[in-house]
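Questions regarding the structure given below will be posed in turn.
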Amino acid sequence: MKVEKLVVRYGAVTAVRELSLEVGQGELVALLGPNGAGKSSTINALTGLVTPASGRIVLDGKDISHVRTEDRIRAGLTSTPEGRHIFSNLSVGENLRLGAATRRDPAGVRQDIERFLALFPVLSERYGQAAGTLSGGEQQMLAIARSLMSRPKLLLLDEPSLGLAPKIVARIFDFIGELKAQGLTLLVVEQNAKQALRFADRVYVVSSGTLRYDGPPAKLADEHGLFNLYLGG
Amino acid sequence: MAGSELSQAVDQMAAPTGATRSGNALVRSLIGGLVTALPVLVIGLLVLNFAPTYYTFLALGAFVNLIVVVGLQVFMGNSNIANLGHSAFVGLGAYGVAILSTPLAMKKLSIPNAPFGFATLELDPVSSAFIALFVVGVVALVSGKVISRLSGVAATIVSLALLIIVHSVFLNWTDLFKGNQAFFGIPKVVGLPWMLVFAVVAIVAARLFKDSRWGLQLRASAQSPQAAAALGIDAKKLRLMSWVLSALICGLAGVLYAYFAGTISPKLFYFQMIFNTLAMLILGGMATVTGAVTGVIVLSIGLEFIRSIESGVTIAGIQLPQLLGLSGVALGVVIVLCMAFRPSGISGRHELDELLSLLLRRNAK
Amino acid sequence: MDYALQQLLNALAFGAEYSLVALGLAVVFSIMGLVNFAHGEIIGVSAYSVFLAAALGLTSPFVAVLLAVVMAALAAVVFERVAFRPVRYAPTTTGLLTAFGVSIVVQNLFMLLISPKPQSVSILNGLNQMWFFGPFAVSSLQVMELIVSGLTILALVLFLNRSTLGLAIRAASRDFATVRLMGIKANRVIATAFAISGALAGIAAVFILARRGSVSPDLGFGLVLKAFVACVIGGFGSLPGAAVGGMLLGFIEVGLLVALPQEYAGFRDALTYAIIVALLVYRPEGLLGQRIELGDKEI
C-alpha cells in the first residue's frame, strides 16, 4: 500500500499535512507519534471513514482514494479501530460472525471461528455472552480476531495498547508478531513505541500531522533526541 | 466531527462576548431587535396607509403568525429542540380571552352552561388578556417541568402530546369551550396598529432573550451539553425558562387573534398552524429572530399566491379545478428542501443588524 | 366474565397494533437516529394502494394483503432514498423536521391526487367477522391481529439474531462506523431497516383497512403519534421498549374505555396522553430505556 501526500482537515484544523508512507507486502510498519499527532486521522482516511482533503491512497496498484469504506474492506484492507469498538450489545460469537460479513464460504468461516476460539480460550468460554462484559484485553483480542475474520491482506491496527496493562500489551504484541510471521501485512499505529518497535520492519514518526522520521527502527533508537521528543523515551 | 462542533460552539459564544466589549450589550441587543423589527414596521405602516381592506385582513393574520413564529423561535432556536405543540398555547390564549371578555348577551347564546360562574362573568379586554396569559404561563410551567427534563426527541413527542391534550379538551369540554363549533362574539378591539406594536415587542423580547446570559448559556448547552454542564450551566432550568417565554409569546398571539377576528374555533389551533409556522421558521432560519421574521414575510406572500391557485383559477379562459392540498404540498416541500440543502434557512446564523454592520465594515475597508 | 375477556382481547389487539407501528419507528431510529414522522404516510401509501387496486378491479383479499405489505416496504425505502439520505448524518432535529415535511407532503398529495374525503375500501372486510367459541363471541380481526403481530415480532427477533444483516442492524444501532469497517454496505443496512419498518407498517395498514373499511389522507398520522408515545414510554430506540410501550398504551386506552363514563369518552385520548406524560415524570428515560449520563462514553 502506498499513501501519497495525504491531507486531512476538520473544518479549519489540519490534522494531517502531506503525509506519504508505504507498506510493502509482508511488512510490519509502525506509525508512531504522540497524542494528537494525526495518527488516527491517517487511519480513518485509509479506511475511508473520513474523506481526505487531498492525496492518493493506492492498494495493490489501484487508487482507492474514492472507494467507499465497505468496498475497501472487500478489497482486502481491514482496520481494528482505536478503542476496540467491539459491538458491546452483541455476543462474542456474533462479533466474529459480523467480521466475516464479506465472506461467502460458511464452512471456512466456521473453521476460522474455531481457530480463534482455540487461540483465545477466554473467547471460547464467553462465546454466547455480550461482548461488552469482556475485560479490556479480551475485547482487544476479540477486536483483532474480528478483523482477521475477513481474511484481510492488510491489517491496520490503531493503538492496540490503549488503556491496557503492560503484561497484556506484551501478549497482544506477541500475537501481532505471530501474524507477521504468518505473512500478514500490518500497519500498527502506536504511542507505545517500545512494544511497537519489537517486530517493526520500518518506522514512521509523525507529530502535528507532519512526518518527522522514516527509516529502520534501529536508527530511530540512535537518534535519541527524536525518540525522546516525540515518544517520551 | 467533535473538533468542528467545538469550534462552532466557541464561535457562537464569541459573538456576543465581542458585543460586550464594544459597549453596553443590553442597548446593543435592544437596537438589534428594533433593526430586526424595522422591515415588519415598514410593511405594517404601508398596509395601514395604502392597502385595501382585504389586504389589511390578510396582514393581520400574517402578523399573528409572525408573533407565533417569533415565540417558536425563542424555544426552538435557543434549545435546538423541535417543538410541535406551540399552537396549543396560541389556542389557550385565544380561548382564555374569549371566555373572559365575551359580552354576556353573546355568552347566553354560546356557553350558557359554563362552569365556575364564567357564564355570568364579563371582564374588560385588558384584564382578560392578563388572566389568559397567566393561565398560559401556568400550563407552560407545568408542561415545561416535564419537557425540560427529557432528551430532545422525547421532549418533541411530549410537546405533541400537549397539543393533542389541549385540542381534545377544547373539543370535548363543550360547556366551557363550545366544542367543535365556532366561538363568536369576542370583542374586536385590536386593529393593525396594536398588532404592529405587539409584533415589535415580541421581536425585541425574543432578541433580548437570545442575547441575554440565559439565552447564550442555553445555546451553548444545546451545542455541547458536556462542556456547558462542566461550566455549571443548568440546562434544564434554561430550557424551562425559554419554554415559558415562548409559550407566553404564542399565548399573546392567540389573545390578539381572538381580539381581531372576534371568532375562533379549535381547528385553528391544531396541526395546520403547526405546519404553517414551523415551515416559516425553518425557511427563514431558526437560529435567529431575523430568520423568524424573514420566513413569515416570504412564506405569507408565497402561500397567499398558492392559495389563489388552490381555489381554482382561470388561466386564458380555462377554469382550473380546485386543487385542495396544494399549499400543504408546498409547505412540506419547503421544509424538506430547506433541511436538505440549507438547514440554517435563508438568513443563516446572523441577525439583520449583524449582517448590516458586517456589510458596513466591509465597505469601509 | 365474557365482558372482561372481551376487553382483555381488545387491549391485546390494540396493543399489538401499536407495537407493530412502534417497532417500525424504533428500528429506524435505533440505527440512524431518524424520528420518522412520515411513518404514518407509509401506512397511507399502503392503504391507498389497496384502494386503487380495488378500484381497478382487484378482488382477492390475499393479493390485497400482499400488496399492502410490499407497497409499504417499498414506500419506506423510497422515502429514505429521496428525502432522508441527504440528511443522514445531520443532527436529530434536522432529520425529524425533514420527516415531518415528508409527512405533510404525502398527506396533501393524497388530498390533491385522490380526494380529501374518506374513500370506502371493502376488499378486506371479510377479515372482520364474529367467531364463536362455545359461549364466547370474539372478533376474528382481533384474534388475527394478535396472532399475526406475535408471529411478526418472532420473525423479526429471529432475523435480528440469526442473519448477518440482522446482526449488522443491531450492531449499527450502537456503532455504525465500525459496521462499515466490517465491509457491510451502509446503504444496504439502512435500506433493510426501512424495508422492515415499512413492512410492519403495511401489516398494520391491513388491520386498519379491515376495521375501518375506508381510507383518508390522515389515516396513519394519528396512529403514528400514538406509536411515538409508545416508543417514548418504552425508551426511545429500544426495540423491546417499543413493543412493551405499545402494549401498555393498548391497555391504558382500553382501561380508560372501560372506566370512563360515556359522557367523558371524548377525553380518552387526552387522558391517555396525560397518563403517559405523568409516567415520564418518574422515568424520563422510559421504561426500558437506559439512563444516559453526559459523561458516558459512546460505546
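Per-chain residue numbering starts at 1, and chain names A, B and C are given in the order in which the chains are listed.
Just so we're on the same page, a contact is a pair of C-beta atoms (placed from the backbone, for glycine too) under 8 Å apart; a residue touches a chain by one contact, two chains touch by 3 or more.
Computed from a predicted structure; not experimentally measured.
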* Asked: Most C-beta contact pairs, which chains?
  -> B-C
* Find the chain most remote from chain B, comparing centres computed as mean CA coordinates. => A
* Innermost chain, taking as reference the mean of every protein Cα atom displayed -> C
* List the centre-to-centre spacing of chain A and chain B in whole Å, with centres computed as mean CA coordinates. => 52
* Centre to centre, by mean C-alpha position, how many angstrom separate chain A and chain C? -> 42
* Structure fact -> In whole angstrom, the CA-centroid distance of chain B from chain C equals 31
* Shared-contact residues (touching 2 or more other chains) in chain C -> none
* Asked: What residues on chain C touch chain B, complex-wise?
  -> 29, 35, 83, 86-87, 90-98, 100-112, 116, 217, 225, 228-229, 231-232, 236, 264, 266-267, 269-270, 273-274, 276-277, 280-281, 284-286, 292, 294-295
* Once bound in the complex, which stretches of chain B touch chain C? -> 80-82, 84, 145-146, 149-154, 156-158, 160-162, 164-165, 168-169, 171-172, 225-226, 229, 275, 278-279, 282, 323-329, 331-336, 339-341, 343
* Structure fact -> chain A residues touching chain C in their complex are 47, 49, 68-71, 73-74, 78-79, 81, 85, 87-90, 94, 97-99, 101-102, 132, 146-147, 150
* Structure fact -> Residue set of chain C touching chain A in the complex reads 164, 167-168, 170-171, 173-175, 177-186, 299
